[in-house]
Structures are given as structure tokens and as C-alpha cells.
Amino acid sequence: MHLHLSTWAEVEQFLQRSRVIVVPIGSNEQHGPTGLLGTDWLCPEIIAREAEKRAEILVAPTFNIGMAQHHLAFAGTISLRPSTFIAAISDWVRSLAGHGFEKILFLNGHGGNVASIEAAFSEIYAESSFAARRAGVALKLCNWWDLEGVGELARDLFPTGHGAHATPSEIAITQWAFPDAIKLADYAPLIAPSGPIREALDFRARYPDGRIGSNPGLATPEKGRALVELAAQSLVRELEAFGSETQPD
Amino acid sequence: MHLHLSTWAEVEQFLQRSRVIVVPIGSNEQHGPTGLLGTDWLCPEIIAREAEKRAEILVAPTFNIGMAQHHLAFAGTISLRPSTFIAAISDWVRSLAGHGFEKILFLNGHGGNVASIEAAFSEIYAESSFAARRAGVALKLCNWWDLEGVGELARDLFPTGHGAHATPSEIAITQWAFPDAIKLADYAPLIAPSGPIREALDFRARYPDGRIGSNPGLATPEKGRALVELAAQSLVRELEAFGSETQPD
Amino acid sequence: MHLHLSTWAEVEQFLQRSRVIVVPIGSNEQHGPTGLLGTDWLCPEIIAREAEKRAEILVAPTFNIGMAQHHLAFAGTISLRPSTFIAAISDWVRSLAGHGFEKILFLNGHGGNVASIEAAFSEIYAESSFAARRAGVALKLCNWWDLEGVGELARDLFPTGHGAHATPSEIAITQWAFPDAIKLADYAPLIAPSGPIREALDFRARYPDGRIGSNPGLATPEKGRALVELAAQSLVRELEAFGSETQPD
Amino acid sequence: MHLHLSTWAEVEQFLQRSRVIVVPIGSNEQHGPTGLLGTDWLCPEIIAREAEKRAEILVAPTFNIGMAQHHLAFAGTISLRPSTFIAAISDWVRSLAGHGFEKILFLNGHGGNVASIEAAFSEIYAESSFAARRAGVALKLCNWWDLEGVGELARDLFPTGHGAHATPSEIAITQWAFPDAIKLADYAPLIAPSGPIREALDFRARYPDGRIGSNPGLATPEKGRALVELAAQSLVRELEAFGSETQPD
Amino acid sequence: MHLHLSTWAEVEQFLQRSRVIVVPIGSNEQHGPTGLLGTDWLCPEIIAREAEKRAEILVAPTFNIGMAQHHLAFAGTISLRPSTFIAAISDWVRSLAGHGFEKILFLNGHGGNVASIEAAFSEIYAESSFAARRAGVALKLCNWWDLEGVGELARDLFPTGHGAHATPSEIAITQWAFPDAIKLADYAPLIAPSGPIREALDFRARYPDGRIGSNPGLATPEKGRALVELAAQSLVRELEAFGSETQPD
Amino acid sequence: MHLHLSTWAEVEQFLQRSRVIVVPIGSNEQHGPTGLLGTDWLCPEIIAREAEKRAEILVAPTFNIGMAQHHLAFAGTISLRPSTFIAAISDWVRSLAGHGFEKILFLNGHGGNVASIEAAFSEIYAESSFAARRAGVALKLCNWWDLEGVGELARDLFPTGHGAHATPSEIAITQWAFPDAIKLADYAPLIAPSGPIREALDFRARYPDGRIGSNPGLATPEKGRALVELAAQSLVRELEAFGSETQPD
């Protein structure tokens, strides 16, 4: 069940059965010479969509712009500041918790989002903690590449050249989902350099074509399919486990 | 050309040809007994996608959560506070303007967004105005129902019962785009009441099923197709006119 | 009854009789070669003062600085950023609502304020909506030129050259109220140009003497008197209607 | 010269002669059984207006709502939070500094404003200090009762019962300026208690009729006239001294 | 008892006996040619530590960075903006009040902090005042040099050359506490100039070596000891008086 | 060299030799039945102090309050909201970068700080990235337990019962540094439970005595000494490596 294709009455009924919702969250940012700008929000959206075909879960609209300040020197990147990101996540959570959702899982597609999402969770919880009341909602961050088995599969598929940004895993997933948007390029060097992440101009100087440590040329749509299927199955289990978790008194 | 399906290098090339981008923007909120929660962000996304087939325009990812505080008493609605909305729009604009976009048209699908979007524009411009420098970017808000000819067509299609929220126009557009998600209900009364908009509980007390002044039962996918086609054509012309507008010295 | 000329005990007594208050709100900004910088806050203040002579209404102090970022390239303009404006309106409303005022009508004198005032209302209501409680206060924005009959009178008085900024209507009202501060100038062109509003330097380049579409030379104190009298009568009726409006359960 | 009764062109000319402006700033808050709610913004406005008759100074519109959280338990009080107040003062200063004003004197009428105004000055200066650039504008806070000679006169006029809030000085000034709004009451006790200032309910419990340490019954319009005349003369000298102050290299 | 050297259980027990806590608060900023950068947070920390040896009081960790924007042109100064400072103080207070502390005394070591600390108190109280509820906590600002008898002693010890920044009083206190960190310099002029405080570059131009009106060469460790002992005794009495103060109904 | 025990002139000289500074950063929060509330800011302070004895490094004052919302149900915990924490870190960094520091290493003592510190770094960098300019400063977060060799030593010393909060490692360090403040208790169970971290009441329900997964009874001052010595040596090397890192063009 997709929230945006449902009516309010249908959601009200869903809440009789379950208090769990998954929010795909990512970023719109450069992904090297061949990666789509939407890669990081498309991957969790694709995985959530496949999971929705397999089980009765509720998928929220995709939170498609995240924290990508370090990619801003490459055209097409759109970033929120962490403070804006935190405020927006808070509003999403307050909206959903107000309807009675008690477990909100953010399925994340961008490593650069992790710190700000966790900071947002703490900002939300802090409101309850300062007031000495229960939050009434449990928040969980889950990167799609950390879903059960997915990391192992990625290492099997790409024993070298996986890297940290514009990885063959994420490129493969979007190739499978958008076969008409597969791009080709010569990568030089084949495996991109690695190093620290700072502000945008520093980033572009270190990583001239945008990749970090990766060889996206290893991606194929078929490998993408395998990753998505496994991730979707693991996501369903993750949501079940999260949903059945009880709060201590 | 869709930003999220392009690479940074393709966007860099696009910027050699044009400095214009369109951002579909809407809201995820209740739309009466049969309207989809995503209606207000789906409509501008659908229209922009159709326009993209007709002309070489660049479409940004959809800004899918807007200012919908008054709908929060209906399950599934997600809202930003105006202050968060303004901050987020500012970050989008600063990101895009940083890449060299000089004309950003927000194609809006939600009346409740208008004030906050315009306030956001002023917030962005104010930074330049206080510093006595040019903004370097022109911002335009365009509601899809205000695109040339669209209002007339809507009045022709729905001479009565169009109303202000959960209108047959927007329902028809989503019916055309998502025929599998067409919902049916008995509307009582046939045409919903009208009145002021305040906070969420007041809203639900005034408009028990979520509609304002509308009879969504008049919507058909075919009417939706007609609205989308006209709107897409008008959007292309709107973008051309905006793009060819020159700044005074 | 003017709030600033009353004691707290008198206001406490007023609240036994009525829960309605009117707040004149405007802007301090350039108004062309002859218009007073205070025009936009003086007009609603003048109208409210005349209304107060005719009926038992309570008039708050004037909110005299608004959102005028686009006028900052002209000396004497003072502007709040929208975010500051929203915060300040929120504090005014929270103060007044805390005393028991249930209907707050902002009588506005500046078109550029509209979006930010409405965004402020939504920011205030959102606090209640997220918490699923009633706001306890109803907020209404009313531009003085939209008061019943005023637009028609303005069109009668100024069939051409009314324009959108530094209009003969507002100039006339201040001429009537401040006859010692009437200024004269040659207008070239007689009717100023029209166009979009962006940041301050863009504005000054488009509208070199500050006017938009208007010929303030048409203003006379006598026309101002007619506008004020009509507006004052309409304001009294507007407040009565607002005050007798009931909240739905 | 009053800013709000001038045109932008007149202000532009004034700036050729002087870079100094005075902003009356106060608060709208309870002033005991007989004091006007507007007392604290009316006093500096009245004094500035009298000064303007005596010398060529430029008077800005009155900043009429300040930091009065402790008075909120008395009807009619309107308060900004300090954070809002700081933001608003910053916007006023940035607007005026942008026009070329180099010396901005805030003539204050409310003791409770002092900390927030000084914090606002530091917030404004900090922007320059962090960026290692000159601010280009000097800010000065001057309470009207601290103007040269005024404190001595107040002590002469009211050797006992002056107190700290709803003082006979400020009541006298408004009596002189608004003789039609003079209110009478029996004060019990004659001189109100003194003590600390905390939140609003604590304040009302300590100071049941709103006064702190004062006997406003001592006020007369004639004493008000004397205070205003002296204060106006001192303000003119204060502005001259401030204007002739040079910045170190 | 020092909070940072206690366990939560010990603090819980302390709260059975007392609801009072003292927070040393200062600034890390230049203090002339010989003053330590930590002077303003070390002084209240030293005094509180000595007081803790004399009586059963609870001392919080030191709030060591304050509002020092005007000192930023001298290396080593660290400053918060007033808005940040207010937010941080609010969080400290909300944390402590949440545990049941009802009296929080900020023992301050930096004059430049005063306005922002008082603004912070008002910001905290305002939350209660707008909501018409008691704050439940009383906040008090006490500069160490205003503790009973301390000003007199400082005037006795330093009849001339005390000044306003990098005073011999504060230098003497740190000399006594950190005898290994005593620095020497020739002061030229012997007594530094005085004047207004604005942004950092203006400050450095006026006060080239950082001092204002002082001759720190008069400081000795022995004088520091005398000041600390007296201040510590007075602080104990101040806390007792504050703790025994009752709230009005 | 300690910043707070230096003069501005000494810091200016230091900047001729090095552009690196280390900021100990932690939290003041419950650490189980026997851990000191200051544990998380004392540990990095202790390690930095030892490192300072071994090499010419510059140590900033300790940032002693961090993000500890989840511990607020235990008396004595003081927490900043993430948004406040981010603002404060930004001000520290802007202050230090303004003096010419190019490498700022935050030596962290609290796992709960990590997300907010990294979000703060991104917030700071974003300012440069949006403006397309170099930041001029490189920021590094280093948890003391991640310093080279420290994790291995901790695992050797505490093969079981190390856990995640109130660990024997951190308890041991404070035991060594504050032998007079060693506390004893019976731990039941010997090894505390583990699980997720949410808001404060949820935390206390899950972890009744405050520990997570740890047995602090294993700590001894001697083990603390070994950890501090190794960490101090590694910190010196970490600072050398960070200082010699060059920025790409």
C-alpha cells in the first residue's frame, strides 16, 4: 500500500491493522560520470516498492532531497542544510505520529544523510525527554545496504571497486529500474580515489569525476535485480521485527 | 529531460543551452473520500512529465510535502510548518542557483502552499536586498490551474461542483494517470460545504469528509487527459516566456 | 477604544463584552516621488481610528513594519524578513489570545505583506494542528482596499492610473489625514510601468521612481476622505460579522 | 523630520546632511491601575517628537512592541520573545544601515527591553566580528530617563514613590500628551511593593495591581511637560554628540 | 559537591535536601597582554570551588564560552552569538529544572554576558508566560564582583586603574589559582583607555592591547586570595538567601 | 599549551608555528551507579592534558555539554538539543577559524555526540559549499576510544562486560584522574542489558541503573592509567598527521 495512492479513509483503516510505516529517504546528488542524480532516493524507493508487492506494508512518499552539501560543486545536486533537514524530518514525524503511527522506519539511500537523520531523531526525542513524557513513536534508520544479507551480496558481486560513492551496487539498482537511462563512460582511473569529505570545492578537487573509491562500470541491470530482490525481502522482515517490538514500561 | 534521470555532466551541458528549470511542488494531504493523498504533488508531476515529452525542458524532482497543517486531522496528511517549508525552498533555490540556473519555475499543485512559497521567495530575495546585490535568479510561482486556458477548460468540464479542495479537476488528472487507483464513494452532500480555513480540528468539523465545495464524482479519466494535455502545452509556453524574459539593468 | 490608551483593567472589562480586536498592519516603505514612507501603515491606522469613532471596537497598536524587501533600494524603507515577520505576528497573536481574544482581524495596508501574514497564520495554527487541539483563536486578514465597496469606489474615483503601488487611493488617504505633508512632483511617465516584483535592485531598475502602474497625481484629500469614511463603515460591519461567527464543534 | 511623513527622496537628501537617526522603542504592557498600556512606547515617541520640533533630527517610526513577558498576566500586554525581538531589531538595523545611516540611537522607554536590545546589538555586531570586517554602523541604546538631567528632575519631582514600574514620571508624560486619557484610581497600598521579576504569573502574584514600588498618583500633566521638555533638549544634544563621534582606524 | 564528580544517585539524594544549584559562567576571551584567555570562566569556577569547601552547595560544570564578539580580533577568543548563547542557556535550564532544581544561580565572570543571560532568562520565562503557567524555576544572575563586599574590597585594593576589562581584580584571582601561569608585560599606557564597545575591529582599534581602563600590573596572587575568600563567603550567603526565598501564590 | 592559560599574544605566536588545535568535547550525563556525571567530558580532557605534556600541541577549553537527551531521566544530566549543539559548535569553529586555525580536531568522549557533531561539520561546510568558496578550515571528529591502539587495549583489559555506556574503560580513566571520587556499588545484573536508544523515559525503563551492556566493576585506576597513556600518545600522532595533511587545489 502506497500512502500517496491511498485515501485518508484507507489509511485510517490501515492504522487499525498496523502502526508501522516506511519512509524511503535519500538525496539528489551527482553520482559520477554515469550515475543518475536521483540514485540515492531512487534506490530506497525501488526497494520499498518491491517490498510492497510482497507484503502488506505502507510506504510513504519518498523524502527525495537530503544532506549533500559536499556534492554541490557538481551540477544538478540539491542539498538541504542539516538544520533544514532536521526541521523537515521533525515535521514528517510529527505529522505521522499524530495519525497514530508508532513505528517509523526511514529506509535510507545516502550515507551523507546518516548523521543528520540521527540528529533529527534526537531533536524529536528531546522534546519528549525535556518534558519527561513518552515520545509515543519509535524511529529507526536503516540504510538499504545494511539490510540483512545485502552487504554480503554486494561484496560477492563486486569484490573490488565497490567503493563509497557511485558504487556499482546503487548504479546497478537504477540500471535495473530505469533501463532506458543507462549511461556509459570511460572511467579514468578505473577505481576512483578515496579520502576525507569536506566542503564542495575540496570534494571536487579530490574526486574530479565525483566517484569515491568505486568502479561503476561493474554494474549490470541483472546484478541490480538481485540486490533489489534480496533487499526487498529483508526489508519486509525488518518491518515485521520493528512492528512487533514492544516498548518497556 | 528529468534531473533525477540525468548525470551531472548532462546537466552541465544543459546549462550551456538553457538556464531554466521547473520544479513540481505540491502536498501530501487528504483529498476527500476518493481523492489520493498524493493528488497535489502528483498533478504537477504528471503535467511536467507530459510537457517534458513535448519540449526540451528540464524537470527537477518533485517537492512532494508542502504546507497542509489544516488537513492534519485526516490520516495520511504530512505537513511542513511554513517556517520549515521556507527553509527547504531556500535550500533548493540556493542549490540550483549555485549551478547557474537563472529562472526557477515552481509548478504548484496546492493552494495552501501559495503563501508560504511566496514568503520563501521574499526570504531568498531579502538576502540580496539587504546586501544590495542582485539575486542572480528569478523565481516564479505558477499554479497548474492558472496555466493558460486551464481554468476555462475546468469551468467548461465542471460548470458546477468544482469547488476548492478535492476538485473534480485534480481528481480527474490522477484518475487518468493512475487508473488502477480510482476510488468510488457516495458523496453526501453531493457538493461539499465551503467556508474559512483554520486549524486542523476546526477544518474537520466544518468539512467532515475533507472536501470543500466540490463534487469529485464528476471526474473522469478522459477529462483528466484533456486537462493534462492543455496544461502541458501551456507549461511549455510559460517556460519559454519566462526563459526569454530579460533582467533590467 | 484604543488599546494603547486604555488600562489593563479597562481591557479586562472589554473582554467581558467582546472577544474581537483589530490590528492595523502595514509597512514603512517608499511610495514613489510624493508618497509618504509611512503610507501603508498609516492607511489602516487612519481607517481603524475612524471606525473606532463610529462603534465600540478595540484597536490594537499599529504593526508598522512589514515585508518590504523589494523596496530596500529606496532610502527610508524598513523591512522584516518573512521569517522575522512570522515570528513577530506569532508573538502578537499568542499575547492577545492569552488574554482571551478569540477573533483577531489584521487590517492590512500592504500587498507585499499578504503572503507572510497568511504564512504566519498557518505557522500559528500548525502548532495546534500538530498537537490535535483547537487553536482557540480565529485569525483573519483583511486588506483595507478589499473592504466592502472600497474597490468599487476606488475604480470610480480613479478609472485609470490606479496601479499597484503608490496608488492614488492610498496617497489620497494620507493627504486627507496629513494635509501638512502633501508633496508634489512631476511624474514621468504619468502612469508608471508594471511588471514582476523580485529583489530590491531589480525593482529599482524596473520602477525608477518607485511607483508601479500608478498616477498618484490623481489623489486629493477629498477623495481620501470618501475612501476613509466608506472603509471605516465597512470595517465596523466586517468586525461585527467576524465577531458573530461561531466555531463548529 | 519624521521618516514616516517623508518621501524616499527627502530621506536621500537628509543622508547628504546627516547619517544619524533616532528610533523610539518601547513596549505595550500594563502600567498599573491608571497607566496606559502604551506608556512605554508613547513616552519615547513623545520626547522624540518634541526634540524634532527643536532641531533638524530624523525620527523613525516607533518600535512599539518589546519584551514584556512578565506582564502577560495582565490584559492588553503584547510581548515579543527575546529571540523575536533580536531578529526584528536586526532587520530594522540592516534596513537603515543599508541606506547609509551610520549612527542609530534607540530611545528606549522600557527597562525590560534593555537586555534584549543590547543582545540584539551584539548579534548584529557579531556578524561583522566573525567575518573580520567593520560593521559600518554604530548602535546606541539610550533610556529616556537616563538622558542628561532627567533622572535628577524625576527625583526632584517625586522624592518618594517613584519606583520601577508605572512610575509617576512616565504616567505624567502620557498625562501631558493625552489629557483626555487620564485615569484615576485609589492605590492600595499607596506605594506598591518591590522585588524580583520572573514569569508572568509570579509577577501578578507579587504585584497584584501591576505597579512596582511606585505611586502614580503623584503624576500631573504639568510635571510631565517639564520632563518632556528637558528630555527633548537632552536628546538633541545626545544625538549631536553621537553624530560627531568618529570611528577609530 | 561538584556535579561532574557525582553520580546521578548522589544528585537525586541532594535534591531531597536542596533544590539550589550554582552554575559558574564566563567567557574565553583575550584579557590584555598578561591576562589568561580563560580568566572570565576561571574566576567564577575558582570562587565556586572555594565556596564548595565551606558549605554544602552543589556546583554545576562551568559554562565556559559566552558572548565575546567584541574580542574576536584577538587570537584565542571564542564567542557564541547571543542567539546561540540564549538557546544553550535554555537547554541547561530545562535540563536542570527537569530534575527538580528550583533555584539556579548563574555566577557570572564576564560583563559582556549580562545582557544575553538576562535575555535568556526572559526567553525561558516567556514560554511559561505565554502558556499562563508557573515556570517552576527561579533564575538569578550574579556577577562575582557584585557579591556582597567584593566591590568594596576591589576598590580598596585597586583605588586607581581597576578599569572595566582585564582588571587587576580578575588577573589577581587567576594569579592566585594558577601561579605557574603568571605573565609579565610592560603596559603602555599604564592605564588603558576607555570608551564604547562595538564590533571586534572597532574594539581592537580603540584598545590596541585589549585592556579597557585597567592596569593589570597592580594584581598580586595575595590580593587574588583575599578576593576569592570574600567572594566565596558571600556566595554561600547568596545561595542560602536565594534558596530560602519563597514563591508568591 | 592550554588555550585558557595563555594570553592572546601567545596564541598569536603559536599560530606562526602551527595551525592545529584540539577541542576536548563530551557530555555531562549519568554514567550508571558509580560513574561520574562528568565522565564523558573528563575523559577527553584528561587525555588531551596528558598529550600536552608530551608534545607542543594547543588544547582548547573543554566543550563539556553535549547531546544527552536520552539520559535526561537521570538526575544531573544536562543536554543540548542537537540544533543548539550544532549552533554552538559552529560558533566555536567560526571563532577559531577566524584566528587562522586551519585544522580543528574534536576529541570526543560521548558516542551520543557523534551524529550531531558531524551534522554540525556539514552545517559549517554547507555555508561555503552554497557560496562556492573554500571553507579554509578542516574539521575532524575523533572519539578517544578510536585512537590508534586504544580499542585493542580496551578489549584486552575488558574482554567481557565492556558494553556501550558506563564502560569500564571510561570509568577507569576517571578513577585514575580522580582517585578521591571513586564510587562503589553492587551491580545487578553484573552486565547491564543492551538495546535501542530512544527518548529519556524509554531509556530509563530499559536501563534502570543507567548502564548499557557494561560491568563498570572491572575498572581500576591502573587500567585507566594505561588507557590514558596510550591514548595520549596516539592523539599526538593523530594531530601530527592531521596537521601535515595538505588540501587539494
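Chains here go by letter, A, B, C, D, E and F, matching the order in which they are written, and residues are numbered from 1 within each.
In the analysis below, contacts are C-beta pairs under 8 Å (C-beta built on N, C-alpha and C of every residue); 3 or more make two chains touch, one makes a residue touch a chain.
Note that the structure is a prediction, hence the values are computed from the model and not measured.
Q: Count of steps on the shortest touching-chain route from chain D to chain E?
A: The fewest steps needed to get from chain D to chain E is 1.
Q: Could you check if the interface between copies chain A and chain B is built from the same residues on both sides, meaning over half shared, or from different ones?
A: Interface between chain A and chain B is built from largely the same residues.
Q: Work out the mean Cα position per chain and let me know which chain is farthest from chain F.
A: Centre of mass proxy via C-alpha means gives C as farthest from chain F.
Q: Quick one: point me to the chain whose Cα centre is farthest from that of chain E.
A: B
Q: For chain B and chain C, what's the span in angstrom between their mean Cα positions?
A: Chain B and chain C have C-alpha centres separated by 29 Å.
Q: Centroid from C-alpha atoms only, then distance chain B to chain D, rounded to Å. What do you get?
A: Those two chain centres are 47 Å apart.
Q: Please compute the C-alpha centroid of chain A, do the same for chain D, then give the distance between them in whole Å.
A: 54
Q: Could you check chain B for residues that touch two or more other chains and list them?
A: Counting only residues that touch two or more other chains, chain B contributes 72, 79, 81, 83, 95, 98, 130, 132.
Q: Kindly provide every pair of chains that touch.
A: A-B, A-C, A-E, A-F, B-C, B-D, B-F, C-D, C-E, D-E, D-F, E-F
Q: With touch defined as at the start, can you tell me which chain D residues reach chain F in the complex?
A: 130, 132
Q: Applying the document's contact rule, which stretches of chain C touch chain E when the two form their complex?
A: Listed in rising order, the residues are 94-95, 98.
Q: Give every residue of chain E touching chain D within the complex, in rising order.
A: The touching residues are 67, 69-70, 72-73, 79, 81-83, 86, 112, 114-116, 118-120, 122-123, 125-126, 128-130, 132-135, 138-140, 196, 198-202, 205-206, 247-249.
Q: Mind listing the chain F positions that touch chain E in their complex?
A: Residues in contact with chain E: 3-12, 15, 28, 30-38, 41-42, 60-65, 72, 74-81, 83-84, 87-88, 90-92, 95-96, 98-100, 178, 181, 183, 210.
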